Amino acid sequence: MKKLTAILAATTCLSSAALADDDRIIVGFATAETGFMQAYDKPAQDAAMIRIAEINEAGGLLGKPIEVVKADTKTDRAEGAKAGLSVIDQGADMVVVSCDYDFGAPAALAAESNGLISFFLCAESIKAGIQGVGPNSFSASVLAAVQGATMAEWAYNKKEARTFYRLLDTWTEYNKGICDGFDWMLPQLPEAKLVGEDTFLNEDASIAAQITRIKSLPEEPDAIMLCTMMPGAVSAIKQLRAAGINSMILNGSGVDGSYWLSAVPDLSNFYVPVQGSIYGDDPNPAVNEFNAKYTEVTGAPPATQYTYPGYVMIDVWAKAVERAGTTETSAVVAELEKMVDEPTLFGPRTFTSELHHQNRARYLIVETNNGKPGVVDEWTISSPIPVADLMK
Amino acid sequence: MSLLALSNISVRYGRLTAVRGVTFTLAEGEILFITGPNGAGKSSLLRAIAGVTPPAGGRIDFADHDITGRAPEDIARLGLSMVPEGRDVFGSLTIEENLMVGTGMHSGTRGWRARAASELEAVYATFPILKERRHSQAGLLSGGQQQMLVIGRALMTTPRLVAIDEPSLGLAPNITDQVYERLIALRAERKLTLLIVEQSSTRAMMVGGRMMLMRGGEIVLDGDARALGQSEAMQAAYFGYGEH
Amino acid sequence: MARYSILRRTIATPLILSALLLAFALIAWFVGSRPFNQTVIDIFLQVVFVVGLYTFIGNSGVISFGHIAFACLGGYVAAWTTIKPMMKGTAMPGLPDWLMQMEIPFWAAALAGGTFAAFWALVFGAVLMRLSGIAASIATFAMLAMVNAIYSNWSSVTAATSSVVGIPIVRSIWPYMIAAILAVFVAWAFSISRHGLALRAARDEPTAAAASGINIPRVRLIAFVISGAIMGAGGALYAHSIGLVTPDTFYLGLTFTTLSMLVVGGMGSLSGAVLGVLILSSLIQVLRWLEAGVQVGASTFALPGGVQEIALGVVMILILMFRPSGIMGNSELTGLRARTEKPVEPGTD
Amino acid sequence: MGGLMQVIFDALSLGSLYALGALGIALIFGVMRLVNFAHGDVIAFCVFALLWPSVDAVAIIFAGNLPWFLLIPFTLAVGAGLSVLSEVVVFRRFRRANPATMMIASFALGFVIRYFLLMLFSSRPKSISLLPGLSQPVEILGARIPLLQLITILVTIAVLIGLTAFLRRTRFGLEMRAAAENFTMARMLGVRANRVIMGAFALSGALAAAIALILGSQTGTANIMMGASVMLMAFIATVIGGMGSLAGAVIAGFALGAIATVMQVILPPDARAFRDAFVYGAVILVLIFRPQGLLAARGTKERV
């Protein structure tokens, strides 16, 4: 027992050293360094680190260097709460939490109750913000619903898709969010028709029964809105194509990346909305430069577009701090809420006192043709999705 | 020259001692009946010999090997075949499959298939009903037929010693006679040693040989079956007279 | 009279266990670090869960994979009754009006959660307790999977798979310690009650117990309901410890953690249940510190990430290898020396 | 007609996976009363054995590029090897332990395997193109089904026939069946316990590898949790089938596959999300009416 208290004392000493230091600004990362979420948190966190390094090189924030403290959530909610408390105890001025809303919320709630700003690395649920955590919480990404709405409107206008099929994986809120956006957009497209819908579960060993339902339609639908995520997405796509269904497949950003394409050889007619392109063909040359820098720092190019929100996050937060002239929570939140179409490397960002998230955003459309993904278009939905519809 | 030798064997289940300090030897070709009332420790003693319940103390030698604490399959492979009480047939296997399980221990030795086949014929000759139903599931047999099966199965392993727990249980008297005839014939043919547990001494007196009486986990009497069976000491010891 | 003597003979066990729990609370209070405080809260909650599980498994001998379902029921009761009505309206619009307006303190939510879980334990148990052995285990698992499937999809009442937030967070260790101690006393009281003794007799000698007139399904049902209530209250408190609930928090992961702690501690022993939690939790914590890095002299020593889980698995296997009946076996801490209830008898069939 | 055939094929192919899984669990349960929770992790391990350890998003294919006639034996050998290793290193020391202890030990072992994979490969699902030739649709009896689905069914039938022949016609099979029914009695007839148990583990591991190949080709993904859901269903199938009864396990596996498929077809869209709740409800009903399982193994004494 003596040993235990000794270790405890040691760790608490370590952390208290960082407390009450006025000559630096501390960003606390309560993210997953191990476990399932690590694969999602790490890239965005690396991107955030790149932005932090850039700011420090340019003389810091408010003339002070940004320092980083970390605590591992171990992809566990209870550990997440501890990690949040841990970085707060280490003096964090802003708390960065896990990419996923469910896993990030415990740490974000800890920040909220301590009156600190929390930023989700890349959560795409409206609850990752005012509606879920509280008035000081933000997300650096775009709502999942915007992705579904973007794909529907784009496919309708640019691909003349008229008949749609909706296939929802009920596993996560993210998946449901994509389909919610799709559901909101579809009635606004005059000739669009929903010819069928079905659900499955990400872990289902086979979606044969769902595929049979699609195949029993009198005519193959023009487009299938596939609201799912990894790892079930690959399985679903592979099975759809193996069954001989050649409709265009519309997706959320969750399936971005070329790392999995080998599983479905020669995949075609496949569309994904992304905030920036990892394929080296982004219309904005600055993005391609960022990709090069990321490769240099981490040893590998970004695997998916979910790397980017980490960069955006530090970018907008640092701007707000500069404008407020302080890291004090209410002042920074007020500055963030003033942002309207604030330009960032990955499209404009808007925060309001009603919504700390993007209910409208510019998306690049990536088409995969014969197994080769590439940017083919760009689309911004015609009107933002009303908050009331997002809260359904 | 003894085939089986037990010295000071005791068997315990938790705090309960079932067998205490049993010592005896059994010569090749001998026939030994162990009798005694329910709960005397007869079955526990057999289980200890067969290696199913390792003894808590003492030593067992069989065919010049120390088999104390050895695995049941090792003991069986030395030639000690055990027929436990309660007809443990493999219900979902056919009768012939049941009989063949035990021949596996000889697989690989020269001519084992032929020997197994002739053993099988011998068992069928003793129990024709088994041959008749050779391809039906053993679980469907009547109690008496199952008893024939387990005895036949034990003989299939060409053992040097067969230990049988209550062979007459559930058998019609004429079948019991056949079983004993076969066992005694085998004893004569290949010097098969027999260790038979029976609750009553009647059969022992008919067959003859050596008899021991167990009570309370100990051997209380040991001698010639016919002589002992008629003695008053036997009656008294069996029912525990004269202790109060 | 006999009852009184049992009480006197065994009261030492819950007292010693409570003292142990108090010691953990005092360490947390003395250290004062908030993350560590949260760790100790976790340990207390785990004690509640494992003791709840023990109340059923330990006394009946039937392995249940389903008890975490009751924690789930309790956790959502906390969400239904303590979140501010306005937030509830958006997250769970399908709640009935009286529930929508309700806003009760956390301890009342824990009681309500326990009651709600007990009610469903009674309903499920009435059907399931007729089963025994592995059929009962699988049936309890099916119950867990059903509850999970329903809570993961009933959007209007449980917000489906989405985290329900806004549950007032209680970060003081004392309520959790009190809950853990209460759970220990309830479990102890049940195990020395008439029903508890009958159930244990049925566990050890089912035929004899049935012959002597013990209605096994009924006493099992009683244990099921009591343990369900403990799990439900624990689930509600769990919700208050991190401020949110989701259905998958209360699924396979927690099921196996609690079962493992119980089996490692000793399935048939209340002391084992508590010690299993304390020992495994401490082990996890130490491994986490090692993983985060420990200053040894001038250099930092750190285990690579992921080693913690592997080491935990290996240690569990080793403990079970050398103590197949768990650390405590069937005995209890009584102050003088471990009291052995009845030795396990392998292979007497 | 085509529609009905399609549903039948869907049910059969899903049922095949469950049946293969249930067989793997029932084989081990039969000889040592162990409910092996590590089975699902053996499945995942077999898929990852085809990859080179790396935490990058892009999978580095290692053995996965072998031609099929080498790939299949390699994977089966990995499964059998890992399974036998787990017997020798871990389960052998639990022979006399009670079933709950063994179960938790198997769970702990699965935990170790899973986190070992996580350490080597990270948690990100990896893509792997296994036997890509199987991803084409074929026309059969008026139904257009993926070739792989057909192969899954055929492979399962072949495995079942092969296993039956092995169990019925070989000495080892005879010993294994005898041991599964009454382990002690079999030993008293000279059946070597360790050999039979290791044989059961090897077979069970090879079955896990077969599932791994099917799942890997079907989903194109290697994921550390990939065996879990099949394992759970297989476990349930084993119990419903009657613990220790191999035939029962297979029948129950197919029955579960059929129930899940039919539920997906007949439930209205709003209720489809609750499919699993209905499936598990059906499981409880079966257990209430047949607590010993559909085909209770004779002589299997309940010891849990």
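Residue numbering begins at 1 within each chain, and the chains themselves are lettered A, B, C and D in the order written.
In this section, a contact is a pair of C-beta atoms (placed from the backbone, for glycine too) under 8 Å apart; a residue touches a chain by one contact, two chains touch by 3 or more.
Fair warning: this is a prediction, and the values are worked out from it, not measured in the lab.
Centrality annotation: D (chain centre taken as mean Cα position, compared with the mean over all protein Cα atoms). Across the assembly, the mean Cα position most removed from that of chain B is the one of A. Averaged C-alpha coordinates put the centre of chain A at 36 Å from the centre of chain D.
Per-chain Cα centroids separate chain C from chain D by 31 Å. Centroids of chain B and chain C (each the mean of its C-alpha atoms) stand 51 Å apart. Annotation: 74 Å between the Cα-based centres of chain A and chain B.
Chain contacts: chain B has residues 52 touching two or more partner chains. Residue positions of chain A with contacts to 2 or more other chains are 34, 38, 170.
Contact with two or more other chains is made by residues 153, 305-306, 344, 347 of chain C.
On the side of chain C, the complex with chain A involves touching residues 27, 30-39, 42, 90, 152-153, 160-163, 165, 169, 241-244, 246, 249, 282, 286, 288-289, 291-292, 294-295, 305-306, 308. Taken in their complex, chain D has these residues touching chain B: 171, 174-175, 177-178, 181-182, 184-193, 297-299. For chain D in complex with chain C, the touching residues are 35, 90, 93-94, 96-101, 103-105, 107-109, 111-112, 114-116, 118-119, 228, 232, 235-236, 239-240, 243, 273-277, 280-281, 283-284, 287-288, 291-293, 301-304.
Interface residues of chain A, counted against chain C in their complex, comprise 1, 4-5, 7-12, 14-15, 33-34, 38, 71-72, 74, 77-78, 80-83, 85-86, 88-89, 101-102, 105-106, 109-110, 113, 125, 127, 131-133, 170-173, 176, 391. Chain D meets chain A in the complex at residues 3, 6-7, 9-10, 13-14, 17, 56-59, 61, 118, 122-129, 132, 134-137, 144-149, 215, 218-221, 223, 225-226, 228-230, 260-261, 264-265, 269, 272-273, 276.
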